[in-house]
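Each of the two complexes below includes chain A, the first together with chain B, the second together with chain C.
This part shows the complex of A and B:
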């Protein structure tokens, strides 16, 4: 029979290692006595956009923060289980966390440019890595700003303060700052919740472009956004992974009643 | 003519999805049009092999309907289309039902050949083929109007259906006379009448799709509007 549409639906339960960006195995996490994540196992595919959805407090931000060990900043954090990037368990105490955060970039809800010029913002991480050659920095800044679809708007004012940029531009600047380090994985925690609807669509389009360069994981409260931007979606409830599948299936014919109730607004 | 640009969304992927969806309807329409051309040829040449092929090919058309419907549902769930985008998805979902039914009607006509029930009367056969050619032209006009979002052409095609209906009624009256003097069994004549009815229904389905084109371009639902009120309704929209 003639196939009219071609939508990729990877088998996430049997994803091969070469297609896997992150492999989570039996991850449980608690802050003090509060269990936030319980026995999460999943494979996140490379060069795809994966969305984490669920109501507030379900553990989605904690899960995404586990992928670059941001939870370590909370002294009460305890975790069990493994998170593999390649064949390396990043939960291993010997893991170099700075190196990990270079490989796994993160963008937060509110744009947080540093109080310095646009240029300095983008090359901040590179300078920390010890790169000082001006030509190298110039090239990296241009490339990152182009990748973040911001170059045309700022190329003539690179040395102006980043604070003069609009909210949407600041968020793209922060994305450029992360991209300058050429991350394999980019974590986006509610990246558009502080932006207007049109700017949000531009950022979403940027996300669709960026997945060709790196794996993207996005946390969003906005289910419509998850449906629009993601290739795969994981629904979490009370720290458990309830359903994880391609977004086409999850948003049209979810398997679990809890998922159906959540995405149809019947959640009580 | 009111053209809606479906390729100007911020999301390039959404543009592609809508374009693919529109193209899929034209692919399905093209298949059904070819089915009718083949059926008419099979009737003309009494070619049962070709008619068999038409009957088998209907499965392809059924599969296309399911795929396109699923894609419409996927786009609604994932893209939350609004305004002209929503109208496009909704009318496509309806149009493919009409196209699939056209396929069924054509398959019924093709069975006339496989069952060896082609009319013996040359004048009945040639009138049937003549209506068939007009329906093919109407289908072509319908899918062109859909592709170009040309509501004026859609309304012209809409009008062609009335001429096909008149020709169909004349042929029916002629057949009734023929039946009285013919040696063919009543069962054979009924098969021919059903096939003719199917042909006429294909024209009606084209008319439905033309109505959807107007809904898409003008945002007005002209179904069930009497023909005499139609031009006034459309003028009010100008």
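This part shows the complex of A and C:
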């Protein structure tokens, strides 16, 4: 039985396997000779929003990209350690990366809709999976756009180019595109840093809604945002996991000096 | 050194640079405009009907005065004298010859509205005054009724053709069959057929005699009469009597014929349709071949090839290939495609017809293939440029939705790069349409009896030789050293080649604009 109450804090160190979405075991990662992540171990709880914070270059984006192996696109990338999703180690060479990425969706900093119609954007992943039945696609598009709170705004112009949408709408479209594949985990890499404050609030509300559907991991530079939307927060510094606890604790009474320095704005 | 001691002040230097820039840009524009104007004027002049003049001059042969009907092909000044190239008809050569006439031998030169330009079907031209039209019934029908009379001639000709195609060829087939069955010479069936053949044949001869008795009577400038079968007359233009609008009509009619008819008189008269068709077909085939090859190569270099020295060397080689002289590609096409590949195909599949080559001979396919190799670097470089401009975020977005590399290339990268690909194709088309030297080695000829496309299976004959506008111009340039008329035909062909390249480019640019609107964000 999953615990879905927001305010009940889980014990992250001793999280049971059925409550764990991602288990990171001793993950280290290098780009060429540069060590980006060092010995990261953490358990990310299911159906919660987990924020990764830290100053630029601390490795938080690299860490989130490890969860769907997007780092593989950089030919210089090497990594050790295991990342378990369910009981599979996704760092295993035999892991089918395409399949993994359909289960672990990702949204990037800049909205990147494809230069196609809104409908085709949402269908992109489904069509790659070989779904061609029009009814099925129609239903999936409608559901995904509703989940991303975009349906009302675009239902009359599904076949117009996605580039006519505003930045916030584009970002929700990209979220809908990921949701159409019904992922277990959704990775958001600074999803609001290119958006205005009002649109940001809208996306944050959406995140709060979405955690009932999937586990959400968000990278953010914005401390208030992390405090607002996340249930748990991990602070990274120079490739190491410094502190990881529920957000209330981390932002009010951090245990580590470095965490306190960062959240009070002494650096970063 | 003190600043003020410099030759020019800051402002002066700036003005100098701007002035120099403007000067050279102006020079460039001037050169471009004068090329286009020259080609357009000389090429367009080929179509404009010229007046017929009555010219009297002292013959250079016997110093006797002569009077001829003539058209002035071109005129220029030399040693204080006006030199005129004349196309004339006289008693010795009613079907026209050219002379160069100095102004001091010219006695008189005046427009002759009574004279007409009579073009024959084989391309020859007679300049003379039409007197009457002759038919089997009447010897003096007014020239104004020539169209009605020609109608009769056309009907008779149609009947002759019908008899030839239906009756005579049937009998021919049956006779051949009898021959094959070794039926004796005196068999009744054969006799019967021979009789029928003779009957039809005499009917044809009678009709031909009838047809040829329709004649057009003309009078030359000195009063000599000549008579031409009406069957041979292609057109009769009374250019001297035409208004400007009428002349425009004649000119447009000539443009139409130029575009739709075959060359006559060794490419100095008639139309250029086979060359136009050959040029467009070759460019079209080349585009079909070069685009997939170039795009695949660029995708490999940009997306798949490891970032190492080998890839850099390949890139440099590709760029250098664009600078190789085109005749080298022609020799390569001849040696590799025609003798190598074509020769091997002959030995494998067409051994029964050796030593006569089937594939191992210049043809439109080998020409298109050679031009594809020649334009490949252009397409590769432009496509790579397009591929590099695809935003990294879009690729990442595609991968993040579970797309493999191939799927990302196919669904996201290639559509986004398509304007870049089109740029390459435009450059390739412009280059291929203008090349002449390599084509002459691999399939383009001065005269090809058949088009590469016809109604005969398999409709598209890729092994056939073809005509090409560039080759036609090249050929015309050699004629033009002695022949002012074919010079203007050459200019007309030049104008057409410019127009063709222009149209092909416009099409490709429109397509690219469409793709840009679709795939370029904001």
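Everything below uses one rule, namely that the second predicted complex is superposed on the first by the 261 of 268 C-alpha atoms of A that agree within 3 Å, B and C clash if a C-alpha of one lies under 4 Å from a C-alpha of the other, contacts with A are read in each partner's own complex, and residues count from 1 in each chain.
Just so it is clear, a residue touches a chain if its C-beta (ideal position, glycine included) is under 8 Å from a C-beta of that chain, and two chains touch if they have at least 3 such contacts.
In this text the structure is predicted, and so the values were computed from the model without any measurement.
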- Task: Could you say whether A:115 touches chain B, chain C, both of them, or neither, answering first, second, both or neither?
- Result: second
- Message: Tell me the contact category for A:124 with respect to chain B and chain C: first, second, both or neither.
- Response: second
- Item | chain B versus chain C as contact partner of A:204, first or second or both or neither | first
- Item | Of chain C and chain B, partner touching more chain A residues | C
- Item | chain B versus chain C as contact partner of A:73, first or second or both or neither | second
- Name the contact category of A:181: first (chain B only), second (chain C only), both, or neither. second
- Message: Applying the document's definition of touch, where does A:50 land relative to chain B and chain C: first, second, both, or neither?
- Response: neither
- Task: Examine A:169 and indicate which partner it touches, taking first as chain B and second as chain C; both and neither are also allowed.
- Result: neither
- Applying the touch criterion given at the start, work out whether A:227 contacts chain B, chain C, both or neither, answering first, second, both or neither. first
- Item | Touching partner for A:99 - first (chain B), second (chain C), both, neither | second
- Would you mind writing out the residues of chain C in touch with chain A in their complex? 306-307, 391, 393-404, 407, 411-412, 415-416, 518-522
- Given the complex with chain C, which residues does chain A contribute to the contact? 68, 70, 73, 75, 98-102, 105-106, 108, 110, 112-115, 124-125, 128-129, 161, 163, 174, 177-178, 181
- Where on chain A is chain B touching in the complex? 1-5, 7, 198, 201-202, 204-205, 208, 224, 227-228, 247-248, 251-252
- Task: Using the touch rule from the top, collect the residues of chain B that touch chain A in their complex.
- Result: 10-13, 20, 24, 27-28, 59-60, 63-64, 67-68, 71, 73-74, 77-80
